[in-house]
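Order as written gives the chain letters A, B and C; numbering starts at 1 within each chain.
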Amino acid sequence: MDSPLRLIVSDPVDRLAQTVEALLVVASAPLSVVELADATEDDPVRIETALGVLGERYREGRSGIVLEQVAGGYAFRASRAAAGACARLFERPVERGLSQAAHETLAIVAYLGPCSRPEIARIRGVSADSTVASLAERGLIAEAGRGHPEQGSPGGAIRYRTTPLFERVFALESLAALPRLDDLGESTEELRDRLVEVASARAS
Amino acid sequence: MRELELDLDAFEGPFDLLLTLLLKEALEPREVDVAAIVLSFLERLAERDEIDLDACGEFLVLISALLELKARGLFPDEAAELEALEPEEAAEELARRLAEYRRMKDAAAWIRERLAAEGDRWYRLGPSPLAPRLERRLAPQDANALGDALRGLASYPPNVSLEHMALRFPPVSQFLERFRAVLARRRRFDFDSEITGLSRVEQAVAFLALLELRKAGEIALSQAAPFAPIRVSKADEERTLAWTARSA
Amino acid sequence: MDSPLRLIVSDPVDRLAQTVEALLVVASAPLSVVELADATEDDPVRIETALGVLGERYREGRSGIVLEQVAGGYAFRASRAAAGACARLFERPVERGLSQAAHETLAIVAYLGPCSRPEIARIRGVSADSTVASLAERGLIAEAGRGHPEQGSPGGAIRYRTTPLFERVFALESLAALPRLDDLGESTEELRDRLVEVASARAS
């Protein structure tokens, strides 16, 4: 067991991989390639190579520690096989007991964000104030400045966006990894046609 | 029907109490999920063997009133705008909004499923137990700032002059006479309409005069609701009315 | 590289070790053998064996992640070889200045000698708790034992003094090098009396 690892230590990329794994085990959030390159004072391309080595070593089924690419960076997590043991020892304060209202609000902010509370209320048909406050308190959304009235955000209301923590919880590399809305559910064209049909029938 | 138990985001309790709160404006109609109320009602209906037509009728009236209140609350500016639309345009607009709403429902469903699927990913939030401590480093400082800080604490604060804040208060008696004169001509008047056009200070003094007259028992005051106009009337007038009401 | 690891997975103690390393990478505090045994629903003796395996794998020189036994249990840390990179990762930007509250509190402690929080609060006219805590946290002041009630320190409250770091930051060879305040009194006692007198005049 020992000999291949000794060999690895003599390889510079693997020494860099050791430094990177050290950084990842103490970091409090996913680290981007740029952050890793700055901390190691090394080249981003070499960082990518080191991450490749680590990704192979710390992968599902092979190790209890798993390297994942999430929220614009890299982070360690527990293997899925250890989920039961983790659930017995740890809490899930961020996602515990999220309501249906919270799911809808998160969806709106993730897809349309940044958006304000009036905009969310308009789409959901119910005031979003307490849900927005609860999501902000959990750290899943955060204030993103004020909108301009001409941008459709009434009265320059505070607008919200999802946070890197949101991406982490939902295992997204970035918001771009959200599925396209068109791919979700069926086409909305039928709905529109039917309504127009009903309306013209009544008008005539 | 009115004892229908509800469990909504904004409200938990019987339907009757919800209506009371809405009427007292303690709860915003826009906070209320009307669809959830209808669902609760239908569930309740399904539990019964017979359909109570009276209860259903009452519910229909109440829920449509609530829906209208909510619609007005949600789209205060758009009510007029939408009224002007042709049926086709209105349907187009409605379809657009429904489509948007439906897409968001689908997205919310994806969010929920994803959360369930990723529930077996555990990770640490925050630094590891043996992470290096964050060092707060301070640039070199000037020791003279310390002496200055102490000098500031050791000096007496300057006497603040309030002269520039002098206000002109009209005499209370001016309003006492004015209100007595009004009541000599009319049996009652609205305080608010009597003081329009006066400065804030004058309005405050006028209010003091009103309290003086009330204390002396010369006038009676009434107000339909908080912030409603204050109705001022002659004291005996009010007493006669009260006596009549009680004896009737 | 793959074959020895496949062997390990088939070994129950190593599967337990995988669960233990998963728990350790998620934990935000050291985990005791008892906690690990409860979470894995396994035997403490087998946990010790698994920790032995992990201690061998995650040790200084061999891995960037190092298993450490500390008070309260086991935790991962970064290897010493990665100390420089970690320091760069956790470095905070240099702070330029101090708040007015910090200046006043530091001045009182520096000029009057060891002071308790109630004394500082009396002179400043506002509670000193958060300022004192922040100055102590950044090492500019430190506890200097408890005062005696007859020395004017009420109820034997904890007193604070300035630190050598304070002298370095303010470029002072010693406290004797503080700028002189002859205009405020000839001795520390006179200075203290004057500060208390002004404070009570301000409060009335």
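Going forward, contacts are C-beta pairs under 8 Å (C-beta built on N, C-alpha and C of every residue); 3 or more make two chains touch, one makes a residue touch a chain.
Keep in mind that what you see is a predicted model, and the values were worked out from it rather than measured.
Undergrad: For which chain is the distance between its Cα centroid and the global protein Cα centroid smallest?
TA: A
Undergrad: For chain C, which other chain has the most distant CA centre?
TA: Greatest centre separation from chain C goes to chain B.
Undergrad: Per the centroid of Cα atoms for each chain, what is the distance between chain B and chain C, given in Å?
TA: 46
Undergrad: In angstrom, rounded to a whole number, how far apart do the mean CA points of chain A and chain B lie?
TA: Distance between chain centres, rounded to whole Å: 36 Å.
Undergrad: Using mean CA coordinates as chain centres, what's the gap between chain A and chain C in Å?
TA: Their C-alpha centroids are separated by 32 Å.
Undergrad: Mark out which residues of chain A touch at least two other chains, giving numbers and ranges.
TA: In chain A, the residues touching two or more other chains are 25-27, 76-78, 82, 86, 90.
Undergrad: By the touch rule stated above, which residues of chain B touch at least two different other chains?
TA: Only 122-128, 130-132 qualify.
Undergrad: Which residues of chain A touch chain C in their complex?
TA: Listed in rising order, the residues of chain A that touch chain C are 1, 4-5, 9, 15, 17-23, 25-27, 31, 35, 38-41, 61-65, 76-79, 81-82, 85-86, 88-90.
Undergrad: What residues of chain B sit close enough to touch chain A in their complex?
TA: It is residues 9-10, 28, 30-33, 74-75, 86-88, 90-92, 94-96, 98-112, 114-115, 118-128, 130-132 of chain B that touch chain A.
Undergrad: Considering the complex alone, what residue numbers of chain C touch chain B?
TA: That would be residues 22, 25-30, 68, 70, 75-78, 83, 86-87, 90-92, 94-98, 100, 103-104, 106-108, 110-111, 123-124, 137-138, 140, 169-172, 177-181, 183-184, 191, 194-195, 198-199, 201-202 of chain C.
Undergrad: Touching residues of chain B toward chain C in the complex: what are they?
TA: Its residues touching chain C are 122-157.
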